[in-house]
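What follows is subunit A paired twice: with subunit B in the first complex and subunit C in the second.
Moving on to the complex of A and B:
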């Protein structure tokens, strides 16, 4: 009986149609985590590429096809993808991954989410009332996301529960080691004051003890007003801020000018897997960013 | 395969509905030489919506829609009032100014909004693949009403578009008829722009009309040609977008450009041959 089962599963595996779970994620960070946990039982694809701004994604036909065939859809949530993902899900008409179905996973549940119910304070920039959606930038949250994914995979594919558990455990062990290394790197620039372009970094800053004091963009898509720029320049000079960092998908022009006017460094810090060359896994992302930061901040202080 | 085709059935249906009304309105627009009036009216509608949000209304609610519609009708009245054959200032200039000022005003208002800026941005962009059956039904119903009005008043509406001087001599109230034209036009544009975006609306309006004027002299053949061309480009554009896996709206707009280029080239070849004979 056992050999019969084995034989039939081999048959399925050798057929050109993939027999495991098809996972579609909104971002490459979630895709990287799903790959860690799902291993050989899953095929993962992300809709937004790491170099794209996940707030805005232009729909392509292949997105609908991927969603149509998906067994599991994973989103960052907290309105990050609210301008495109719900509509695409509706258009794909796949009952398995409809919000509320078991094939729909919001990765944010249980994560440490910051800026909840933020006041409509304009210095906060882009306001997401449910909290800041860039929570994957704290590796402790990465662990929770991986756990959420492993739990859902076990529900959808109970035959491989043991594998998912083992993959999750292996990931947790390696992540724990990595976190210790990152925390050590971050010691060198603990408490540094920085300015960022978009409010994408509160979780990252909290984890690695950076102090984000202001933003270049007062609002997404709204050019900074002269008074905002003036106040920002004065503040950077007064508080001797040496570093401005920004996401790769925004326009560099204004941050470059601010940096050259104040003598601060401008650093392009990728917020996602796939946003810069060589960042293929979730750990790569932090390796890359912490090395960049310790080069820019660590030596000077 | 069938279920894959079905995925694209609603976006395609939306394109056909848009072709039906826009290709027709485009003939008016080309004749009136008010090419950018749709962009201008869409921007006025977006301004109305952003003011509604500033006043605390829900962007997707009926209040915001009425506010946006009200602004569109004010814009329509303004365009009707400023059309004059004697003026030194071409109407296209006024349309451009209204576009720039209302776009800038919307930016100023969005800056004051604690949230919703992203949604407002989407008013102008649209998303063809995410079109819902409800969207298509709503569009079809509204366009059918406007289409019927235009069919009922066809003689008058066509006359004021093509020969306003003659209409004036025959005792037409030009301002009123212009208002009816721009008002119904604004109604259409405010609905189509959030669904498929400004670029597609502009292309469906202008390209079939321009191509039709290249080949035919009277309204009926022009209209049928424009409809045929719009439907054909919809099919080709969706297929190309599928094949290249490129953003669908942008692909269709480029297809329009390519097809119009081919048509214009073949027309100049044809006319050269005619001269030789």
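Moving on to the complex of A and C:
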């Protein structure tokens, strides 16, 4: 046993050494923000890819290889990852990143979280009693997440606190400028009524003054019934909705049919960094989506 | 009058505020107390069966509707060193059974893990899945013949080591548990109370592509299989049973459309060598191969091929196939239509059909991948 342990240690020792903090995040959005504030002192990997539905990720053993070596684990929280992250954290045998340890960070702390519903139960579909977990889609929350990460990095790596503070400050300045630009773009479609596939966009809609009047899913995670589709078609026609948007990981067949029956446009709107080509940073995500919305809604209304 | 009215309003506001404060405080205390309660979940499993069972088969004839089990699970951290998990099966006909109940030491160094209690043994991959949560209404014939209706599980300890390396996930497990009774687990059978069963497993997992992955495992178990009485001189000797197993699981799921399409191919085989009377040995083997395809968000279909010899008689064998179509209204419930045709060890044919319905309440966590 001893020689096996020694052999394995040698194997690990022979792999490339990284002296900084290893961060594993559940989503690409958190990874992008961690890179912004961590800079050269961190190596960041995400478990779910941006084009993946973060509610449903297989808890593959290969993720354990990343989690074993992690110094910091960051999750979206609000039960977004509850079907897979707790099992991975338990199996990783890394005390540093267990819930409650300093290497575990729930990024939602201090964020503006919407749709809290203490009375939620499963008859309402895949609801989240502690609030809608898609809160990163408000850039004001992005700032808070970045601040949370910078704070935790400073605790874990106090020698580089000044760098993390400086990175955070630079990110905040850049984000502030960006937000001003996005708000300006959003003025063109302020108050527009839209339909979305899943209830992933309340923070985004609140921030950019979109009015989400209905969903393709009758309840979160529940496929549409014929009666729901009929009522939705009538509502889209009655309220002259011109845009339906959806995440890339859902099936387009039904939204396409609804769009073609009502004359509305269907837009695939990436909800995460990495969900579409060219979206590499947190700011890229909003640049991409607001330009798409501006093209689809701004010129028509 | 106005003053009295104003006083009443002020008093009402203050008392409402203090009540609200008390309520908030009470609720916070309750919430904080509840934090220490374990997570509680229940899986219900109703099954309807049609067809006629072979009277000589292991499982007995069942009524049309059978509430097979309500599986209660309780899971919580015990302290800073570990976590406890309990799975209790309530069967309408056979009573209550502790299926699993163990303390999992989660804070050991060197990638080690230790479990102590009663648990499903780490022999192959299928054996570790709780019965209501498998894709099937039955169990593969090889499992039925070698491990009985409930699978291989016994009280003892389990030590595992995740082999640290940057390339693939690999784990070695060694378990020492009580040797089970032959009427529960036909592959073994204790003759004396203090006999032990040793179960070892080496498994590896690798992502071939982002969508395709493979799990390979090898298992070995040895324990007692009854005893032989020797007339002259009067004595007895414990008969030994050895099992070697191999399992292969290939999974495919495109992460871009993970909710809609997936496929799984799982094959497990085992070989048995057991002592028989007069210094002889019995060799036997069995296998199953299961292919499952999810063709829509809520639908999957699958087929399983079974072949097995009997652990106590390698010259007799059974073979069959199971096909199913499953509808999953959500990830917490399913309705499955299944049919199995098998030729049992007496070479008589048996055709059975099932309707399996399972439903899950509570936050019962995900199982090992």
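Rule of thumb we're sticking to: the second predicted complex is superposed on the first by the 272 of 301 C-alpha atoms of A that agree within 3 Å, B and C clash if a C-alpha of one lies under 4 Å from a C-alpha of the other, contacts with A are read in each partner's own complex, and residues count from 1 in each chain.
What we mean here is this: a residue touches a chain if its C-beta (ideal position, glycine included) is under 8 Å from a C-beta of that chain, and two chains touch if they have at least 3 such contacts.
All of these numbers come straight from a predicted model, not from anything done at the bench.
Of the two partner chains placed by superposition, A:110 touches none, neither subunit B nor subunit C.
In the superposition on chain A, A:51 makes contact with subunit C only, while subunit B stays out of contact range. Once chain A of one complex is fitted onto chain A of the other, the partner contacts of A:129 are limited to subunit B, with no touch recorded for subunit C.
In the superposed model, A:218 lies in contact with subunit B only, and not with subunit C. Looking at the shared chain after the overlay, A:249 reaches subunit C, while subunit B stays out of its contact range.
By the document's definition of touching, neither partner reaches A:181: not subunit B, not subunit C. Set side by side, subunit B and subunit C differ in how many residues of subunit A they touch, and the one touching more is C. In the superposed model, A:95 makes contact with subunit C only, not with subunit B. In the superposition on chain A, contact of A:158 is made with neither subunit B nor subunit C. Once the two complexes are overlaid on chain A, the subunit A residues touched by subunit B in the first and by subunit C in the second are 56, 58-62, 64-65, 68, 83-84, 87, 90-91, 93, 122, 126, 221-222.
Contact residues on subunit C toward subunit A in their complex (touch as defined above): 83, 106-108, 110-113, 162-166, 168-169, 205-207, 213, 215, 251, 253, 255-260, 297-298, 330-332, 361, 363, 365-369. In the complex of the two chains, the subunit A residues touching subunit B come out as 55-56, 58-65, 68, 83-84, 87-88, 90-93, 120, 122, 126-127, 129, 218-222, 225. Every residue of subunit B that touches subunit A in the complex is listed here, in rising order: 3-4, 6-8, 10-11, 107, 110-111, 114-115, 117-119, 121-122, 127-132, 238, 241-242, 245-250. Residues 4-5, 8-9, 11-12, 15, 49, 51-53, 56-62, 64-65, 68, 82-84, 86-87, 90-91, 93, 95, 98, 122, 126, 221-223, 248-251 of subunit A touch subunit C in their complex.
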